[in-house]
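In this document, chain identifiers A, B, C and D correspond to the written order of the chains, with residue numbering beginning at 1 in each.
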């Protein structure tokens, strides 16, 4: 398997939304990007503020651009804010350093894309991202 | 009715994709934006090239930014390329001057969002956009 | 085969340079990008002007972003300059609309990356790109 | 000697990669830029994440833009984050303030280019950069 299909991307989003409803989260927005960080599918929950596409995509693509979850990108931003600031301004896609962006891998561990969720606390965003990946029958980076 | 819901946006995309399949179009990508030009929903058809989000969003948001279809923005670009060139570089969203971006209106004619389609000829992109709006029970700018 | 390896990328560049020497071309610069348009390998020939990385990458990534060779992107720019101008300013990577950017495909025709060559006439740049792809045992988009 | 040749640049990269393999480093990516900070040669190791060109180039060009190693740029970022932040956003090339970017000098101490390495810890990136410069028979800024 070398890339996430649109059907899988939509299944990820449906799964993340289902988790949000079940858990009573605020309206979520979810982006799914391919291995190059380019958008495959995005949905913004009703009532969410208008720039959610940028945040969700920036968590997903930013994770891929450094090869770690956006939670770890967020940790790096706390430890070395100047590094992440400079990187974000030069990276090919937006880089949002906060949990909720999770890399999707194939059976060999190769990156096939990423999911970014925004709308709730970052911890809950990540829970929804992981739930969406599992709901689509895919695997998150370990 | 003051805005397009996520459910309506997804119905627009489903309707545009259905038209594409029925007509034998190449893989389409469809963006639905709110009245401010901000992304509500996007789907990129399998096999489409990677920058389709920018083109689809740029048709939809570009239409709203000038209050006419992206077909008319394209006509303006032929007549006054310097104007559209300068406008595009200063506008808050990308402006893609080619048919396929259609404004969605409510019963009073007020703008509630727009749809942008890319992947086929611009004429066919527009056919798919109009079909998607109709399939969702909404009205295109007259 | 889902992506171009570094070894293959360097073989492409060596093959393009060999063609350039054999044909008496001016100093070439060659970029190889992955399917997402991100740089894998680049070499600038001695004596070439300093912004060759941007041109070579912009031919390769620009081809992928629209799914056609940069020669066809160049044809589109002649026919609809406003469209390519607007697209280039919103695309995730630079888009250089001139021959010399060629998409590399796998056995099923799926895009696995692209090559961009600059330094000679655009026609000769394309000849070198095709020679490099062939030298690496890979296939150009038909 | 007034500039780094492509042959020397490739020797630097080969030397940095050899050090990485010998030391068991993660996949490295290496950029070599000329005295103006412009890319001569770049290679991204298989398995490295996609934005490595920006980081490697930003370490190398950022070092030259302030005339010190990117380790010292990183130290400046700790001491005066606002200065490096503002500088990075106005500089002609990306500026990545972390070790791994080393200036290359000629016999008189004049700058002839720089090397940027990314993929491992910043300390190890710098070790690989220095090894690459030495392997090419060149001298790092003292």
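By definition in this document, contacts are C-beta pairs under 8 Å (C-beta built on N, C-alpha and C of every residue); 3 or more make two chains touch, one makes a residue touch a chain.
Fair warning: this is a prediction, and the values are worked out from it, not measured in the lab.
Enquirer: Which chains lie in contact with each of chain B and chain C?
Expert: Both-contact set = A.
Enquirer: What is the distance in Å between the mean C-alpha positions of chain A and chain C?
Expert: Each chain's C-alpha centroid was found; their separation is 30 Å.
Enquirer: Between chain C and chain D, tell me the centre distance in angstrom, where each centre is the average of that chain's C-alpha atoms.
Expert: 25
Enquirer: Measure off the straight-line distance from the CA centroid of chain B to the CA centroid of chain D, and report it in whole Å.
Expert: Computed from C-alpha means, the inter-chain centre distance equals 44 Å.
Enquirer: For chain B, write out the residues touching at least two other chains, lowest number first.
Expert: 50-51
Enquirer: Please categorise the chain-chain contact pattern as a line, ring, star, complete graph or other.
Expert: Topology of the interface graph: other, matching no listed pattern.
Enquirer: Every pair of chains that touch: which are they?
Expert: A-B, A-C, A-D, B-C, C-D
Enquirer: What does chain D use to touch chain C in their complex?
Expert: 5-6, 9-10, 34, 36, 38-46, 50-51, 53
Enquirer: Which stretch or stretches of chain A touch chain D in the complex?
Expert: Chain A reaches chain D through residues 35-37, 64-67, 80-83, 85-87, 89-93, 111.
Enquirer: Quick one: in the complex, what on chain C touches chain A?
Expert: Those in contact with chain A are residues 2, 34-38, 92-93, 110.
Enquirer: Within the complex, which stretch of chain D touches chain A?
Expert: 48-51, 54-55, 58, 62, 74, 77-78, 81, 84-85, 88-89, 94-98
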